[in-house]
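Below is one structure, written out as structure tokens, with a few remarks after it.
In order of appearance the chains are A, B, C and D, and numbering begins at 1 in each one.
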Amino acid sequence: MVKLRYFAWVRERIGKAEEDIVLPAEVMSVRDLLLWLKERDEGYANALQHPEAIRVAINQEHADHNEPVGSAREIALFPPMTGG
Amino acid sequence: MVKLRYFAWVRERIGKAEEDIVLPAEVMSVRDLLLWLKERDEGYANALQHPEAIRVAINQEHADHNEPVGSAREIALFPPMTGG
Amino acid sequence: MSARIEPIVRVQAEDFDAAQEIARLTAGRTDIGAVVTFSGLCRDENGALSALELEHYPGMAEAEISRIANEATERWPLTGLTVIHRYGMMRPGDNIVLVVAASSHRQAAFEAASFLMDFLKTRAPFWKREHRADGTPGEWVAAKEEDDAAQARWR
Amino acid sequence: MSARIEPIVRVQAEDFDAAQEIARLTAGRTDIGAVVTFSGLCRDENGALSALELEHYPGMAEAEISRIANEATERWPLTGLTVIHRYGMMRPGDNIVLVVAASSHRQAAFEAASFLMDFLKTRAPFWKREHRADGTPGEWVAAKEEDDAAQARWR
């Protein structure tokens, strides 16, 4: 079980800020996760239509799309940051 | 007649902050001025022993050693600046 | 070179006071020659913006800013470093972000503050959304390629 | 790009208040995204300094700083620029110089403030003399080659 968190327009398109989810065994990497989520429904598809543009943090640290999701407690998906 | 002004250790070595002086006709450039002043007495010689290190302003604008002293109203001699 | 200092990092809804933060880094010290302060403000160029809303990732925002700030203290000989980033609703003219970098030398203070801002823009988990003056819901601000380029120059 | 602004330049014995100078540039405005402030302080690394005395060339100091500040407003799209340089006797920890550069963009504000400082160091007619803690007369501070190099990078 992993907590997924969504921010900014990713959150809006998916329609929730977070959810607890059990990932299937074939979801090994961040990229796998994005492609798997994208198939869930129209909201996810809309949020993740350009998965390469989505930024990801595992346990509150930036992670690239090749990284394994492993035994992450928390994975966050969000657009490129625009703070500062 | 030109007003000469001296600052920092140039002022201290020459022993005065300013003086009005009539320059001889052969003093054409800033460099001429430095070499001519240097011969005046020990204080000037001490202040201007390395004339190339002396910075000069004509009418309160930086001037290089090739510039003509022309009809300057005010010429200032000082060490490299250390403000800021 | 002095020992590595511990940066002050705050993520908060409330406004901040740059003067107070500068004073906090410099009070009672005589080894600081240079303090560079960056204040980022909510800007409205053409009067069309009523507010900027800043969403953030609580927990990660503090952690990521601390990582960036610690990297700065390793790269430059700083005598003090403060980073404050606000979240919530900002009106044009309001403060958004503050970086104060103190050092014995000006170049270190300038570079560290500039580095911090480039990394905050591209790595700190904050997202800006516009609220328009005419009441219509605004857009999420798009990330700028020039910000990625600005970050890349520190590599 | 906004019209070229008129820099505020002051050469004075009195202390200044950075917060007040920042407020003066930003109050009531919504077009400023970035304010970079440089404060230069009297520094005493090893406790041997009782004061720094700053001699200046009255008249030329203001004129030269204004020339440098005007050049900055031509090179960068600034929305405000303030430069204050003190003269007289400074104790360790005292303010010596302040540059505040405001712009809609952070890079312009950073570069303009850094440019100002590099040129103030090498072109503004001020000279620092140390006064030692043990009462002996100190030395005139020597100009640094690194300051000339810092200035040269803007050519």
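As a convention for this text, contacts are C-beta pairs under 8 Å (C-beta built on N, C-alpha and C of every residue); 3 or more make two chains touch, one makes a residue touch a chain.
Every value quoted in this text rests on a predicted model; they were computed, and no experiment measured them.
Here the chain-to-chain distance from chain A to chain C, counted in touching steps, is 1.
The greatest centre-to-centre distance from chain D, using averaged C-alpha positions, is reached by A.
Rounded to whole angstrom units, the spacing between the C-alpha centres of chain B and chain C is 48.
Chain B has its Cα centroid 71 Å from the Cα centroid of chain A. Per-chain CA centroids place chain B at a distance of 26 Å from chain D. For this pair, chain C with chain D, the centres built from the Cα atoms lie 22 Å apart. In chain A, 84 are the positions where the chain touches two or more neighbouring chains simultaneously.
Of all residues in chain C, those touching 2 or more other chains are 40, 117, listed in ascending order. Checking each pair of chains for touch leaves A-C, B-D, C-D.
Chain contact summary for the complex, chain C toward chain D: residues 17-19, 22, 26, 28-45, 47, 92-93, 104, 106-107, 109-110, 113-114, 117, 150. Interface residues of chain D facing chain B in the complex, by the touch rule stated above, are 40, 54-57, 59-60, 63-64, 85, 96-97, 117, 120-129, 140-143.
Within the complex formed with chain C, the residues of chain A that make contact are 5, 7-9, 57, 60-62, 76, 78-84.
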